[in-house]
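See below for the structure under consideration.
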Amino acid sequence: MTSNNQKPCSESRLRVRYAETDQMGVVYHANYFVWFEVGRVDLLRRLGFNYKDMEAQDGCRIAVADARCRYKSPAFYDDQILVRTHIRNVRSSMIHFGYEVLRETDGALLAEGETTHIVTDAKMRIISMPDKYLQAFRAAIDKSRLLQETT
Amino acid sequence: MTSNNQKPCSESRLRVRYAETDQMGVVYHANYFVWFEVGRVDLLRRLGFNYKDMEAQDGCRIAVADARCRYKSPAFYDDQILVRTHIRNVRSSMIHFGYEVLRETDGALLAEGETTHIVTDAKMRIISMPDKYLQAFRAAIDKSRLLQETT
Amino acid sequence: MTSNNQKPCSESRLRVRYAETDQMGVVYHANYFVWFEVGRVDLLRRLGFNYKDMEAQDGCRIAVADARCRYKSPAFYDDQILVRTHIRNVRSSMIHFGYEVLRETDGALLAEGETTHIVTDAKMRIISMPDKYLQAFRAAIDKSRLLQETT
Amino acid sequence: MTSNNQKPCSESRLRVRYAETDQMGVVYHANYFVWFEVGRVDLLRRLGFNYKDMEAQDGCRIAVADARCRYKSPAFYDDQILVRTHIRNVRSSMIHFGYEVLRETDGALLAEGETTHIVTDAKMRIISMPDKYLQAFRAAIDKSRLLQETT
């Protein structure tokens, strides 16, 4: 399954901050994981709920279990960045996100990555996520699959 | 009262991380406030208690109300940094810290700063700090004054 | 001169990232200085040039000499933040910016701050900034004063 | 090849900073990649050269091409952290590092990760690393293998 087959569920735009560069003159690599988080939160918001409420109201946390990034081309200070986030897979206590980071001006692919999250309660014990979240995630995946078949 | 008159209560050593530099090739200025925090925590530890316990056991938080840094000379990647932290003033619900940041190899003064903190409970309401903390702070200040008079 | 008299020259909007919170459940205080930088860069852009070009084309850097922030009320994860940035003063080799950080939803003032910058070359020696920058800064200040007198 | 077979080449110690926590009350996941960098730099230093010189004197940069972290157990504020870094593989223009992050007090394995780096010049073009570096890396790997066979 190539990334072309994965319809993006969410697009986030941000501009590279000076604080995010390092002395090599490019964005410090760990910051891409922060950008992934920005994309993830936006995707959740687009699905109709936000992570803040998940934590505050449902005591439901999405802890990172695995994070990976492959760097293709450096990002520079002041670049306009596009983060495409999609849900790759979801189970009752696990969510798998995929990401593409591009520079808007030239469309260059800067990085690809993925994160796997487990759903836990406030005490970090694995739980099944509340049904409303699971259904929203699954609906998003089904809708994305449908779009792929018809295009 | 010049900084020469303020006996340092605590010295912290750290090495500049690549992540802390920016594309100007020097340490990004906001990171000095993180180093101040390292110094502050070490000073608290040296006084016989730690900030982790203050939060967890006494529900007592030290929220930053004011932070300032004057930058004298840039710090570079891999520099060995010395943070000197002293207590400038303490009241039942307020603590005032001062900091000096130096490079160990040449003793250059890189920055000076200060932070003012208010003591709050978990809900961010101002409280008087538990007496054991206030006494420890005051004893540290008195001891420091005594040292100054005898030297 | 109160902050009410200082017409904002630039407004920047950002959303609090999870990465910017700390275990107190609020935005870690050092991050406000990163937000100030976001505001500063936007203000420069609004004046018709960008900081990236100042560094790359004119070898002209704006190094932070002094930074201060007074914290009024905590910012929380996912808050919509408004950073108002204005130029307080400018001289050939010095620029002084002021900042106000507000939460958009309730208009609460979260923090106020200021930074002083010196203009240097790539080797960190103080220089006079290129005339085009100085004129742009002065024009912005004059325009702001004019607006104040007529309102 | 399990991680038990990989003799650590370097051990780095650090203490969790308040700035590194997030509102979940644990270390924000992106910070582990900063810790990996601390481990990597220490390992290079132990091999007799430092990354600062590689950049400044040899114009030789080690850009991250791939970074991954698997999170096993959360790290908390003020934890004493041990980062074990080893070289997994080295070629003339590629280095592969592995990492284990442990809490010193209870020996808990907090995370495992790896990073792949390509050697580039200052303009981000892939180059073969200077021979002195390649030999030092290979000697370290051979020595490590020898230790494994004899134990």
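Observations on the model:
For reference, chains read A, B, C and D in written order, and residue numbers begin at 1 within each chain.
Operating definition for what follows: a contact is a pair of C-beta atoms (placed from the backbone, for glycine too) under 8 Å apart; a residue touches a chain by one contact, two chains touch by 3 or more.
Everything quoted here is computed from the prediction, not taken from an experiment.
Most remote from subunit B, judged by the distance between CA-atom centroids, is A.
By number of C-beta pairs in contact, A-D leads over the other of C-D and A-D. Rounded to whole angstrom units, the spacing between the C-alpha centres of subunit B and subunit D is 30. Averaged C-alpha coordinates give centres for subunit C and subunit D that are 37 Å from one another. If you average the CA atoms of subunit A and of subunit D, the two centres end up 26 Å from each other. Contact of a single residue of subunit C with at least two other chains is seen at positions 18-19, 23-24, 30, 34, 37, 77. Considering their complex, residues 23-24, 26, 29-31, 33-34, 37, 55, 61, 63-71, 74, 124 of subunit D touch subunit A.
Contact residues on subunit C toward subunit A in their complex (touch as defined above): 17-19, 34, 37-38, 41, 50-52, 76-78. Subunit A meets subunit B in the complex at residues 18-19, 21-26, 28, 30, 77.
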